[in-house]
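Shared chain: chain A. Partners: chain B in the first complex, chain C in the second.
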Partner chain A sequence: MTLLDFARGPALTFAMAVFVLGVLWRLISLLGLPWASDKTARRIGAPSDVKAAITGFVRHMWVPKAMGQTSTFAMINGYIFHLGLAIIVFGFAQHILVLQGLFGVHWPGLPTSVISVAAIVTLASLVAALVRRVTSPVMRLISTVNDYFTWAITTAPVLTGLLAVSHLGARYETLLAIHMLTIAALLIWFPFGKLMHAFLVFLTRAETGISYGRRGVKI
Partner chain B sequence: MSETGTIGEALIAQGISRRSLLKYTGYLASILALPPMASRAMADALASAKRQSVIWLSFQECTGCTESLTRSFNPTIEDMIFNLISLDYQETLMASAGTAAEGAMQAARTANKGKYVLVVDGSVSTGAGGVYSTNAGKSNLETLKEVAADAMAVLSVGTCAAFGGIPMAKPNPTGAVPVSEIITDKPVINISGCPPIPEAIAGTVAYIITFGKLPDLDHLNRPKAFFGDSIHDRCYRRPFYDKGQFAKSFDDEGARNGWCLYEVGCKGPVTYNACATLKWNGGVSFPIQSGHGCLGCSEPGFWDRGGFYKPLSAAVMGNREIIGGAAVAGVAAGAASVALARKRRAAALAAQAAASAAVVTQEKTP
Partner chain C sequence: MTIDVQAATRTFLAQTEEHLVSYLEACVHCGQCADACLFYRTSGDPRHTPAYKLFPIAKAYRGQKWPLKWLGLAPKITEKDLTEWEELIFDTCTMCGRCTEVCPMGIDIASIVGQARKAFVAAGLGPADLLQAAENSRDHGSPLGLTPAKLIDRLDWLADDQEVAMVVDKAHSDVLLTVSSIEAMKYPTSLSAMAKIMTHAGVDWTFSTTGYEATNFGYLAGRGDIAKIMIQRIVDAAEKVGAKTVVIPECGHAYGVLRWSAANILGRPLPFEVLHITEYMAKLKREGRLHLKPYDTAMTYHDPCQISRRGGAAADARYILEGFATDFHEMTPTAEMNWCCGGGGGVQAIGRAADLRHKVFKIKIDQVAATGTNTLVSACANCRLTMDESKIHWKWDGGLESLVEIVAEHLDDGAAKSA
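Then we have the complex of A and B:
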């Protein structure tokens, strides 16, 4: 079995199984936890929980001016690499084929050159995010191994994918196999690290919105 | 088939001029990516060289490799390969049979001990002592070991001999293995392909005769001159790949426009061969030009790679049971975590209530 056969077969199957198991485990255990009852009185004129949840989610999409320029940079940079990752994952024809194999849906892909540009911008944005994390004293203080590892495991597929498309550093089949193995590593790490925010962001923002709405906190 | 004398003498006897020989060596030098002057050196070396004794053994194969080679011999340059070599034993092509044929092989082995080239097409059966494929009362395994012992080098022609091929496909009932797994003490050159390109066979033999050494080989022991580039890198449809224009089926608009066949399973990006440059049938066409994706037939394991029509980037997962099982396990683990958390909370609340009750009782006690 070649490295590519291993990556395409057993590695991705195992990674996908861990991903599904981990995500379901974490979501169900989190949602099923016994909730502490809120004994505070509901503010008069407080919005409904649904409305407060939506408001909370939308308002947190932008940092208030009072938070300063540093946060603005982090936020814009965050949008850049999230958008870049979305373009790469959902716009590259080869990736669409993977998703088609999994979910049966298909849509037109973008030219390879567009994806390459998106990947380079995404990579630069990810590097900027890391530089900010290590240069800011506050960020450095609150950063854990989880943060750095999650950064590395997110960056690796972008870098290896770019190398594979550009045929740089090794033979294409080796680069493709390494790229797939980095994806497998990402899927395995996903439920247990910071990447889980892809699911949890909806819960945390909604819960914060509901809590603020009930108390009348302006957000 | 065995003849003595130099290649030059044989060519003159057949009325082939030096000019024709130079044209042929020029062609060989160019496909081997050698410098222009190598053509003259090859012509001189070939003219004065003795015809190379070749013993060709066919094992677990379909004769497609021999068919490919013989079909290419007509009418001009390729037929010269017969003038370069003395094909002393080849079961499909030789006129003699039985004891006479085996005797010819023995005679060639004795006369050219340590100097002949052994060509093998087909994989070697090792299951049950190799009984699945026998010839002249001997298993292929036994014959290979015996004949290879006195050979100068071994040429594994075709993917079966080079990497096991179709006979090695799961579940491999005959215990098929490639030649290189049996012969480990001699140089083994792999000229893979199902079938291999005739020019790759001819070019490699000519190189060995001319320079008296093996050509540069890649990590799979294939001549780099023919297996140095991927089909994808030399494919005329590559610009469509770069533009993201793919045929979705074999009869849609994309297919009619000649777009890239990646999405219908082309394995060109991970296949190394000269099909896109040398092409087939005298340079007429090759599979991709004919509208079908590359199967990757010159690569190890191409037969067990999860389907010829499955795109390369698509994972060969297919095991829905594993993913489904993981989902069930995830739900069960989540439910167990919830139950445990609720149980702990109930226990904590009960302990708290008990402690409060104890305090009240203590306060009421005079």
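Then we have the complex of A and C:
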């Protein structure tokens, strides 16, 4: 078995199993906790919980200027690498083929040149996020191993993917195998580290939206 | 002093339910909350970053579910954690909730600080003066020594001095009016102002000597047992007089606790509606029962956090001011976005926090100056006391007023009679 066979065979299969079971385990163990029910009287005219949850989700997509924000740059940069990652994962023709193999659906890919630009921009954005994390006194203080490790494990597939596409540094098959192994690592880490925020964000924003909504707070 | 780490851990973990755990697990350590915090904004100290304040409770929770817990390798909170964070949890958080607004994950940090305080107190920590205020409430009826006898004394004096009926312990009444001892002891005319407004509007109301103190230092000091006692007293008094409405005086946290927490603390819905005096005055105005002469002083309005940002009643204050305060200028930012006075969340009662609190108040001084006015009106006696103390500290020449008092001073009884 070559390294590539291992990467795209057992490694990715195992990683996907860990990802799916891990995420399910995290969500079920979280949602299975006791829920504090709110017995306070809802303000008259308050929106329904569904509406408040949606409002909460949408409202927290940006930082209100009047609140004062530590960094407009950080907010914009956050959007850049999130959107960049989405473009790469769902827009690159080869990725679409993999996803088609998994889910049976496909869609047209973006030109490789667009993906390359997106990958370079994403990489630059991730580097900028790291620079901010290590240079800002606030960020340095609140950063943990989880933050740095998650950064590395998110950045690795972008970097190795770019190298593989550009045939830089090693044989294409080796680069591709390394790229797949970094993805396997990301999938395995996903449920246990802060990447889980991709799921938790729907809960936390909605719950805060509901709690403020029933009070009639307009923000 | 011994610090009971076990008790703190137990108390942290006893509170874990879905909301709290989601919040603790969702933080991505992005740091956006720092600049929204009045303490970080003032001190520039990274330790004042709201997300950082949650570290001990997050650690306790992480330790509980750590995979290698059985090998004794799980993270544990330590005495050092607790002593280091005590100041961050009590002195440098007013639970104003600005950080919640900027959080990209929508984490309600302020509510977690309230829960964390209980664990610190269980460990034997917490500012002595804040805890004393809570115990005074339980033992003497109020944090500032306002016993039932003293309340009657104050109300009698106000009835004479202000020439208004101060109704106490009426057998049956539609409205139970409560007090904040800060008002009773420092700004007593706030109480007679409420009485004047009630009388003007022909409301059937009373004070009660068994349930009068609306402030809840039990809640602020992390003493859940005392918080419950204070709520129970008001609920019992309201049920006894058959009140349909309990009116909270000018106190932000009193409103926050009774309106948005009490039912959850007691475990049952309250059998009456709870309205802040601002909401009540707005209601009277909507019903055409509040007739006012114009108030012409150039002024701005300070939103008490628990009434506007965390209470949902920002619009009511504006509705009262509309067509009444002829020279009203909003500050920037305002309403739900407004800056806290620096003394909420019990910080006002923590003596050792005063220096930083005064520095924080500079934000408010600058906000007022930018409006071009020199009078700051608020609807919270705790904000007012905080601002009064800082005003003296900085020798600030701005005027401080209470909304309920300016309304009471401008009642148009002639118009009420002809209406």
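The definition used in the following text is that the second predicted complex is superposed on the first by the 209 of 219 C-alpha atoms of A that agree within 3 Å, B and C clash if a C-alpha of one lies under 4 Å from a C-alpha of the other, contacts with A are read in each partner's own complex, and residues count from 1 in each chain.
Keep in mind that, in the parts below, a residue touches a chain if its C-beta (ideal position, glycine included) is under 8 Å from a C-beta of that chain, and two chains touch if they have at least 3 such contacts.
Note that this is a predicted model, so its numbers are computed, not measured.
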item	value
Of chain C and chain B, partner touching more chain A residues	C
Chain B versus chain C as contact partner of A:Leu21, first or second or both or neither	first
Partner chain(s) touched by A:Leu123 [first = chain B, second = chain C, both, neither]	neither
Which of chain B and chain C A:Pro34 touches, first, second, both or neither	both
First (chain B), second (chain C), both or neither touched by A:Val89	neither
Contacts of A:His197 with chain B and chain C, given as first, second, both or neither	second
Partner chain(s) touched by A:Pro137 [first = chain B, second = chain C, both, neither]	second
First, second, both or neither for A:Thr208, with chain B first and chain C second	second
Doubly contacted residues of chain A, that is, touched by chain B and again by chain C	33-34
Residues of chain C touching chain A in the complex	16-19, 21-23, 25-36, 40-41, 46-47, 49, 51-52, 98, 100-108, 259-264, 267-270, 273-274, 308-315, 332-333, 335-337
Chain A to chain B touching residues, read off their complex	1-2, 4-5, 8-9, 12-13, 16-18, 20-29, 32-34, 93-95, 97-98, 100-102, 109-114, 167, 172-173, 176, 180
Partner chain C, residues of chain A touching it in the complex	30-31, 33-36, 38-41, 43, 46, 56-57, 59-61, 63-64, 66-71, 74-75, 78, 136-144, 147, 194, 196-197, 200-201, 203-209, 211-212, 215-219
Chain B residues within the chain A interface of the complex	230, 232-233, 241-244, 246, 262-263, 269-270, 300-301, 304-306, 310-317, 319, 322-323, 325-327, 329-331, 333-335, 337-338, 341-342, 345
